[in-house]
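Below are structures written as structure tokens.
Both of the next two complexes hold chain A, though its partner changes from chain B to chain C.
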Partner chain A sequence: MLRRLIDFRMGIFLAVLFVFVVLVPAGNLAVEGRIVPSYIVALLGKYLCYALLAVALDLCWGFCGILSLGHGAFFALGGYAMGMHLMREIGPRGVYGNPVLPDFMVFLNWQELPWFWLGFDQFWFACLMVLAVPGALAFVFGWFAFRSRVTGVYLSIITQAMTYALMLAFFRNEMGFGGNNGLTDFKDVLGFDLSADSTRAGLFVLSAVALAGGLLLGKWITTSKLGKVLVAVRDAESRTRFIGYRVEGYKLFVFVVSAMMAGVAGALYAPQVGIINPGEFSPANSIEIVIWVALGGRGTLVGAAIGAIIVAAAKTLLTGWLPEAWLYVLGALFIIVTIFLPQGVLGAIEGGMGRARRRTPPKEAEA
Partner chain B sequence: MRHLLAPLIALLLVCTAALAQPARAQEFERLVNALPEGNYADRGETVAAIAATGDERAVTVLTALLDGDLEQMNADGRIVILSKQGRDTIATDALTGEEIGEVGRRDTERIRVNNGLRRDIRAAIGVLSLTNPDPGRRLAAAEAGFRAPDAEQIPALEQALSTEEDGGVRLAMEQALAAAILQSDRPTEQKLGAIEVLADRGDRDAQSILSRYAADPELGEAAQAAIDEIARIQRLWGFGQDVWYGLSLGSVLLLAAIGLAITFGVMGVINMAHGELVMLGAYTTFVVQEVIRTHLPGLFDWSLLIAAPLAFLVAGAVGVAIERGIVRFLYGRPLETLLATWGVSLILQQAVRTIFGPNNREVGNPDFMSGAFQVGAMTVTWNRMWIIVFALVVFAALMALLNRTPMGLQMRAVTQNRAMAANMGIRTARVDAMTFGLGAGVAGLAGVALSQIDNVSPNLGQSYIVDSFMVVVFGGAGNLWGALAGAFSLGVVNKFLEPYTGAVLGKIIVLVAIILFIQKRPRGLFALRGRSVEG
Partner chain C sequence: MSVQLYLNDVHRSFDGFKAINGLSLAIDKGELRAVIGPNGAGKTTMMDIITGKTRPDTGEVFWNGTVDLTKVDEAGSARLGIGRKFQKPTVIESLTVEENIAISLKDDRSVFGTLLNRQSAEQAARVSELLELVRLSADRRRSAADLSHGQKQWLEIGMLLAQEPELLLVDEPAAGMTDDETMRTAELLRSLAGSHTVVVVEHDMEFVRALDCKVTVLHQGAVLAEGSLDHVSANPQVVEVYLGR
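Up next, the complex of A and B:
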């Protein structure tokens, strides 16, 4: 079992991740003089959330051929679910001091909490919603889309339309999610002060654990019998259907699991960044996730995580040094990766390391 | 100022006419000189007599009388019109229009009027204006009579109608007459006829006049029916206005989507940089206008006509470059094409931001694109009007190109069966580049049109990309008619939802509806049937 889940790549990645989990919080908290500044901890935590998001997308794109251009929506919904709990945790410490209503609702002159905010004062409920809301959306969306055999670019375009529609919706003040500004000014979670270094370190460790869990779950799914069917659907959907598999059921399963994973990533992201706003729903964000996966290597899980971390780190560095250049680099990355690195960095490295473990390149479902 | 200029001009005009009709003119002068005499009742008769002369100076004199500016010089008894110029009071001879000069307070005596007299004067002015040689003035007089209906105007209106020849003015007079008849003590049948005239007019003014009679025992029923009729007409116009807004939005969507319909529909290539090609077209327009402003300001009204072919070439050239440089390596891999062209779009956006700056750029409207005109109760702006025309022209030109030219034939051949087309000697690679370039060029044309109604900024393309994909997906790929139907139906539906839901929610509903629609018809409204679809 364990050997099935942890192959060479996974082993190395998990080992490196473990080293970071030990060193980063230790360097921040234990060592005198703070070798690792606090903002780096939060930044690395953010990267880990992105990595988990990339793994989620790789699960459905890399292994089942479902290119979702709307995974940012699941991520943001998870973030909002957690953000709503954090807003309720603020309690009477808000600017207006209302014990029940978040500040923006007081500002909008709302008298009572809308029904969909009920229950979010409980942490367990929020955690449930982090999984349930993205999962339910993915289920409903996938149920309709897969059953009527919307595939390929059509599916990509309507997932993009989905996240775009959600973005427009969340920008509205009337929706009750803080409108333009989103949810912010979080104070603490489960009694731990969010601005405290120890809490940040804890969230970082939690993100790493979630990433490792996501990777292992993904590996477990893809190396199971079900995983073989998923790959078959990716490579020849019609043929798989003709053999007698209910293709739409498999696709729906992987899509929902992937959406929930994205939701968890969002839930960990919101407290570390301190804000969740409708910009997270923007179609451009969702496409950026795709390039993380493509750069790392689709269908590798570990590669997707690495790709996310590389691109996110490059973005942080470049927008700091040369803000003008970032979009050029990102644009070039899209072009270069798709034309010259169809298997991503990981695929290229392994291809260079030895032809012994040759694998056929993943083919498009609708070639 | 009005009191100064208008009389002068009128008097100048009048002087020539007066020579031709000396008898009438003399009568008029005698009457004006008689104005200060007698009591208010006498003065009222004199006013009516002045109006009856029809002399063209009459309106000026009567207006001055109404405003209390008509006075008599103490020195020589001449009748003058006073007007203020700064602090000074200037007197002008009411009959000759000759400027007498500055007068003091005690030099003149006002010809007094009371409220009863004022009403007589207004009626007299109304009658005079109704026979004014200028149809615009007659129309204005009739409209004024309609807004303040008075039974005393009836004879004047009837008289004016008997000689009126201009159709529009006649109609206005008939309506004014109808409004006046309702106020009078004419028999009920006549009033019922008047109600019909007002119902035909069908606007809010008519509605408000009619509402005064809704409770009338004799007329109430007819008036209420007419009010309902007007409300119905108004709803119809409101409906028409919504359709118009919808068509206008649809034409914008069509322009943005039609190039995409070629690249996505005909070639099966997802071009995420399409919006940026639209943006390049808009910036081309900006550059052309800048050059014209600095070098040839006289050509400004032609700037769009100059910009259109240039935008087509610029965007088309970039399109060919994208196809040759990137897309051709990715045929058969639509998802990779999508990602690579997204990269191109990011680079183009940033390039434009680097060159032109991140802010909105000012693109002016030429004269023929400015202003608006009325169709019934609808307001139609010229720029929207021309954009609809432009969208349809571009659409027709593309249809002709695809269906009537050798190039179009080759494009369709390559779309349907690439291998066979190549066997027949068609250079498929070249056709691919041309097709992609054509789609890109059309995007550039769309940019020229959008620069007239939208902000020209590096983000211009981003705001249209989702919408235009929706149009193509909804209409059905591979079919320009689908794009046309998709664009206009989405535009109209959007505008009809807006009053109920607001703009943003309306858009969300439309998006959700399309997502659901795709489930029912995964290949769109006008799906291609047959093997080429599966290819």
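Up next, the complex of A and C:
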């Protein structure tokens, strides 16, 4: 079982991830003089959430050919579900001191909590919703789309429309999710102060664990017989039907799992960046996820995670220097990768190693 | 002998073009039947209708005299025991040769059944047996994308047999095969007849002759002639629309 889940690339990646999990919090908390500044911990934690989101998209796009341009929506919904809990946990410490209503509701003169906010004071309930809300949306959406055999570009376009529609809805104050400000000013989670370094380190570790879990779950699914069927659907959907598989069921399964994974990524993201707002639903965000996966290597899981981290790090560096240039750089990156590295960064590295290995034996023979 | 597949007065048009126009056909259990006809005669569309890919506008299609095939989808027809080989060979290119066979084995097709599936020793043996039959044992770990055109045809036949179908619908199997491969394919299909019902669409007359079976000539979506190859070849209408070209 372990051999099935942890191949060479997965082993290396998890080992490196583990080193970071040990060194980053240690460098931040234990070492005098803080070798790792606190903002770096939060930044790296954010990258790990993006990496998990990329793995989620790779699962449905890389393996089953479902090019979702709306995965940002599942991520944002997970973030909102967690954000709602964090808002409730503020309690009477808000600016208006209302023990039940979040500040933005008091500001809008609301008298009581809308029904869909009920239960979010419980952490377990919020965690359940982090999975259930993106999962349910993916299920309903996928049920209709896959049954009517919407595929390819058409499917991509309607997923994009889905996230766009949600963005417009969440921008509205009347929706009850804080309008364009979103949810923010979080204080603590399960009693731990969110501004404390130890809490941030804890969230960082949790994000790493979630990423490792997502990768292993993805590996388990894709190495099962179901994983082979997913690839069959991607390569030759019609053939797969004639073998006797009901393709829509398989697509629905992987789409829902992927959406839930994206939701978890969003739930870990919200407390680490301290805000979740409708901008997370923006269509451009979802497109960026596709670029991460393409850049890292589609259908490799680990590659998707690496792609997300590379692009996110590049974005942090570049937006510091030249904020206007970022979108052009991202576009150029995408074009370069699709033309020169069709297998992504991971494919290029492994291809290079393969060539080197193939070259080695003759040299040894000479020596 | 009982009738396995029965089509009665089937019609189907695409944008006013009558691709299938009053097609009636009865095929016995265990029979080997060749269907010939010029390009556009409706041979592939006929298979689409039998397998639930295309719905007829009117007419009856029955399986074993009881199951109404016009109400069944592609996966449903496969589960009933109808296996189909496409005109253009379609194998799963990113999977290995043996994985292609393994996912085609007759087994639980439900999502969670497939997720938790573990290949049994018997299934592994069955995969090896099928690979031997289609002469791909040496290539079992190669990616299906690396196979030659003829080998892909054979792999697809292997996938078909893995499903353990009662009826095999085989669309132009000899296309892209060498003469030797063509003759071996004819031999294989003949050996399958009896234990399976086999319907073969083919253009290659040598191949049809090698099959040595009853022939149905399709023209403009309906049956033009039926009988032995010599019998239909002697039909002046058949000569005009097809053989004489």
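We take it that the second predicted complex is superposed on the first by the 354 of 367 C-alpha atoms of A that agree within 3 Å, B and C clash if a C-alpha of one lies under 4 Å from a C-alpha of the other, contacts with A are read in each partner's own complex, and residues count from 1 in each chain.
Operating definition for what follows: a contact is a pair of C-beta atoms (placed from the backbone, for glycine too) under 8 Å apart; a residue touches a chain by one contact, two chains touch by 3 or more.
These numbers come from a predicted model, not from an experiment.
*Asks:* Does the superposition put A:15 against chain B (first), chain C (second), both, or neither?
*Replies:* neither
*Asks:* A:243 contacts which: chain B (first), chain C (second), both, neither?
*Replies:* second
*Asks:* Looking at A:225, would you say it contacts chain B, chain C, both, or neither? Reply first, second, both or neither.
*Replies:* second
*Asks:* By the touch definition at the top of the document, which applies to A:30: first (chain B), second (chain C), both, or neither?
*Replies:* Neither: A:30 stays clear of chain B and chain C.
*Asks:* Touching A:332, do we find chain B (first), chain C (second), both, or neither?
*Replies:* first
*Asks:* Under the stated touch criterion, which partner chain does A:287 make contact with: chain B (first), chain C (second), both, or neither?
*Replies:* After superposing on A, A:287 lies in contact with chain B but is clear of chain C.
*Asks:* Taking the contacts chain A makes with chain B in one complex and with chain C in the other, which residues are shared?
*Replies:* none
*Asks:* Residue numbers of chain B touching chain A in their complex, please.
*Replies:* These residues of chain B touch chain A: 270, 272, 326, 329-330, 332-340, 342-347, 349-351, 353-354, 462, 465-466, 469-470, 473, 504-505, 507-508, 511-512, 514-516, 518-520, 522.
*Asks:* Give every residue of chain C touching chain A within the complex, in rising order.
*Replies:* 51, 53, 73-75, 77-79, 83-84, 86, 90-95, 99, 102-104, 109-111, 114-117, 119, 159, 163
*Asks:* Which stretch or stretches of chain A touch chain C in the complex?
*Replies:* Contact set of chain A toward chain C: 221, 224-226, 228-229, 231-232, 234-236, 238-247, 249-250, 253.
*Asks:* Which residues, counting only chain A, touch chain B once they are in their complex?
*Replies:* By the definition above, chain A touches chain B via 67, 141, 144-145, 147-150, 152-154, 156-158, 160-162, 164-165, 168-169, 171-172, 283-284, 287, 290-291, 294, 324, 327-328, 330-335, 337-339, 342, 364, 366-367.
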